[in-house]
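Here it is: the structure, laid out below.
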Amino acid sequence: MSTNEAALRLEGVRKSFGSVEVLRGVDLDVGEHEVVCLIGASGSGKSTLLRCVNLLERIDAGRIFLLGEEIAHGVDANKVRRRVGIVFQAFNLFPHMTVLRNVTLAPTKALGKHRAEAEAEAMALLERFGLADKRHEYPDRLSGGQQQRVAIVRALAMRPDLMLLDEVTSALDPELVAEVLNVIQELAEAGMTMVIATHEMSFARDTADRVCFLDAGRILEQGPPEEIFTRPREPRTQQFLERIIAAGRL
Amino acid sequence: MSVDAETGRANRRSRILGDLQGGRNIAVAVASTVVFFAVVVLVVVNSAGWPEVRKAFFDRQLFTDSFPEIARAFLLNVRIFCIAEVVILVAALGIAVLRGLPGPVLFPFRLLAVVYTDLFRGIPTILVIYILGFGAPALQLSGVPNSPFFWGVTALVLVYSAYVAEVYRAGIESVHPSQEAAARSLGLSHAKTLRFVIIPQAVRRVIPPLLNDFIGLQKDSALVALIGPIEAFRQSQIDVAATFNYTPYLATALLFLLLTIPLARLTDWLVARDRRRQSAGGAR
Amino acid sequence: MPRSGARVSLAPVRLKLTLLLVAVVLLASVAAGCGGSSKSSASTSSGCSVDSLNLVKSGQLTIGTDNPAFPPWFGGTPPKGSMWKVSDPNSGQGFESAVAYAVAKQLGFKKDNVHWVVVPFDQSFKPGAKNFDFDVNQISFTPARAKSVDFSDSYYDVNQALVGLKGTPITSAKSTADVKKYKLGAQIGTTSYSYIIKNIKPTRQPSVYNTSNDVNSGLKAHQIDGIVVDLPTAFYITAVQIPQATIVGQFPTVGTPEHFGMVLAKGNSLTSCVDKALGSLKSDGTLAKIQKEWLSSKANAPVLK
């Protein structure tokens, strides 16, 4: 197996909801330890794409490979999902459980780890991200930023091969966004392979190895962030970036 | 951190203010209640037929005489609804889960659940008790108890499980779909997602209607008397028939109230305690 | 954003209010329930001539009984469209129907002027004005009941009997003591039930049912071993309703024999006139003749000692 084996590969992925075709043939390679940011307008298919990788949605056509293994057809979806971590925009945490239990639930029930072992690992993660003192709190006691950080920790506790982040800061109050972005940055520096759908352009510029612009269900343009943000080739990419700049978000 | 402390202080302040204002309001409320009931009582007591009605419904001696035996019979009601309620809570959850099983292969189970709830919510409880109470023993099924207590409890379980299953279903459907998505994406199976994430939240949300149905069950325990057992209502009915006086019914009513009112307050307390956990952790 | 802590917790306030409410209601009702005698809705006519009788509807004698009306107390087939089931009180057939018409005749009413109304057992003694002049429905006299309504004199002395399914162990019982160990059943409101409690004193709690049909169902379902019921009804059950049942025997009379009486509104002046009528029927042998016609073949069942 070559060391350049893509961590994630999508080939011609298509997905429709009813008569609306959201993904119209997406091709994407993500290398190990690579951080890929997906940008694009709402409705361009960013969330759908991530949910397809995580097998929350079944693709209509195409293939998906995780570390060389095909995952879209004929495999146990639960097993795949244990290797791919995903964090959503909101309503992530389980409100009837403490932070600690939120983090240890899947390791104990899906991976079969012993409670003590799972808790030790969970504590290590929580400490690393400054949430140790919240371990016995219920989610409604945490700020939005803290909740998202716990959600990231919860996904990390499964030791995934790949992390998908779906606009995880879009629902946060502005002053809470930074703490979450810092966590993601740290993960990137530690070498986690990530695909991040985001509106935070400065973050994308600083952290991404590659930026993909999604438009009308296809990756229209992709490249290193400096290239995409300063010298986009496609007119539609340009239009999108102009709108973003006008909105003061770049 | 500082934001939380400030909000905390603000909460404490408004709670104290609230109590002070509450004190004044309580006094007014009590006064107006007393006046209201005084007026009602005066109107009733001075009506033409009052002496006869008073004798027929409020005979103090008969009340004291009949109360002990009715209270003893009430223990049968307690047995009936305690046993029934436990079985109902479990059976109804099973039916609700059946109703939500995904995929075309499991369609027969979903259909079964729908037919079951339609059937047992549609037939009056009295009929179910009669049909099971007198009809089932006639089948002479071996290994099945023949006692009216057994069949009465079974009938109540069948009927109330249908209602409670729908309550559970509403609870399950009210849990935000993102919760299921979050659990499944962690690699938990459908069954484990239901068990650890969805159902615990669903149940907490439907505690008021669950307890509502429980209170209904407590009163319907009296229906078992139709097929023979002497529970509180039947015992009071016996006394009423023996004396041609309705006062024993009052004793039964009181016993039921003594049970259902604390239960209603317990519901309120449980809901208040869980209210804080009902928000699904959206961004603040 | 609202936090649940900011709302004033109303739980303790509502608890206090509820307690107060319950206390007030209880106090009012108990205070109002202090003994005392009721004013009777008495009427003042004296004498029993048909014109001076105190009637619900003048010119007509309104008699009440329950529906269905069962043999041997009521006979005759209800005509099509009639509200009466099983038997028709208007027919004059059946023991109670015959007695009622005989009393009506003594009071001076023609058959056409007798009108029957349905009065469920529970409603025969509810307070307030009655919708009948008298109610005849196998109602036993008890002193407790007589506090709330007027009873006429006896028109029938009641004996209780025991009915069981043929071939079951209870049918071999020879005495009241033999019966103690069985599960018995009776209808609500009948003195059969109090006979069970006071005199038979079984070791297992008896079953009580709303209607006589339900009691029969209980026997057929093997949920009770035996039915305690008045003797004439026992004959009807074994002859018609449950042919697979048999009369085990009749119970001995304990203490003063029970009797059926007609029920009238408390303090009704009509009561004494009905008693006079019954007295005449007894002394001239009419009552005995009616009993012989409708109940006599029913007299012979072994007496349980």
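Each chain carries a letter (A, B and C) given by its place in the written order, and its residues are counted from 1.
Heads up, the rule we're going with is that a contact is a pair of C-beta atoms (placed from the backbone, for glycine too) under 8 Å apart; a residue touches a chain by one contact, two chains touch by 3 or more.
As the structure is a computational prediction, the values presented were derived from the model and not from experiment.
Participant: Counting only C-beta pairs in contact, which chains form the busiest pair?
Facilitator: B-C
Participant: Determine the chain that sits nearest the middle of the structure, using the mean of its CA atoms as its centre.
Facilitator: Most central by this criterion: B.
Participant: Just curious, how far off is subunit C from subunit B if you go by their C-alpha centres, in Å?
Facilitator: Roughly 36 Å separates the two chain centres.
Participant: Can you compute the centre-to-centre distance for subunit A and subunit B, using the mean CA position of each chain? Integer Å is fine.
Facilitator: 45
Participant: Just how far, in Å, is the C-alpha centre of subunit C from the one of subunit A?
Facilitator: 80
Participant: Check each residue of subunit A and list the ones that touch at least two other chains.
Facilitator: none
Participant: At least two partner chains per residue is the criterion; list those residues in subunit B.
Facilitator: 276, 284
Participant: Within their complex, state which residues of subunit C touch subunit B.
Facilitator: Counting only subunit C, the residues touching subunit B are 1, 3-6, 8-9, 11, 13-18, 20-22, 24-26, 28-30, 32-39, 41, 121-122, 125-128, 142, 144-145, 147-149, 185, 188-189, 193-194, 205-210, 214, 217-218, 220-224.
Participant: In their complex, what parts of subunit B are in touch with subunit C?
Facilitator: Touching subunit C: residues 7, 10-11, 14-15, 18-19, 22, 26, 29-30, 33-34, 37, 41, 45, 49, 51-61, 63, 133-134, 137-138, 146-148, 225-230, 234, 237-238, 240-247, 250, 254, 257, 261, 265, 268-269, 272, 275-276, 284 of subunit B.
Participant: Mind pulling up the subunit B residues that touch subunit A in the complex?
Facilitator: Where subunit B meets subunit A, its residues are 3, 176, 178-179, 181-189, 192, 196-197, 200-201, 204, 276-284.
Participant: In their complex, what parts of subunit A are in touch with subunit B?
Facilitator: 54, 56, 78-79, 81-82, 84-86, 88, 90-96, 105-106, 109-111, 138-140, 142-144, 147-148, 151, 154-155, 158, 171-173, 176
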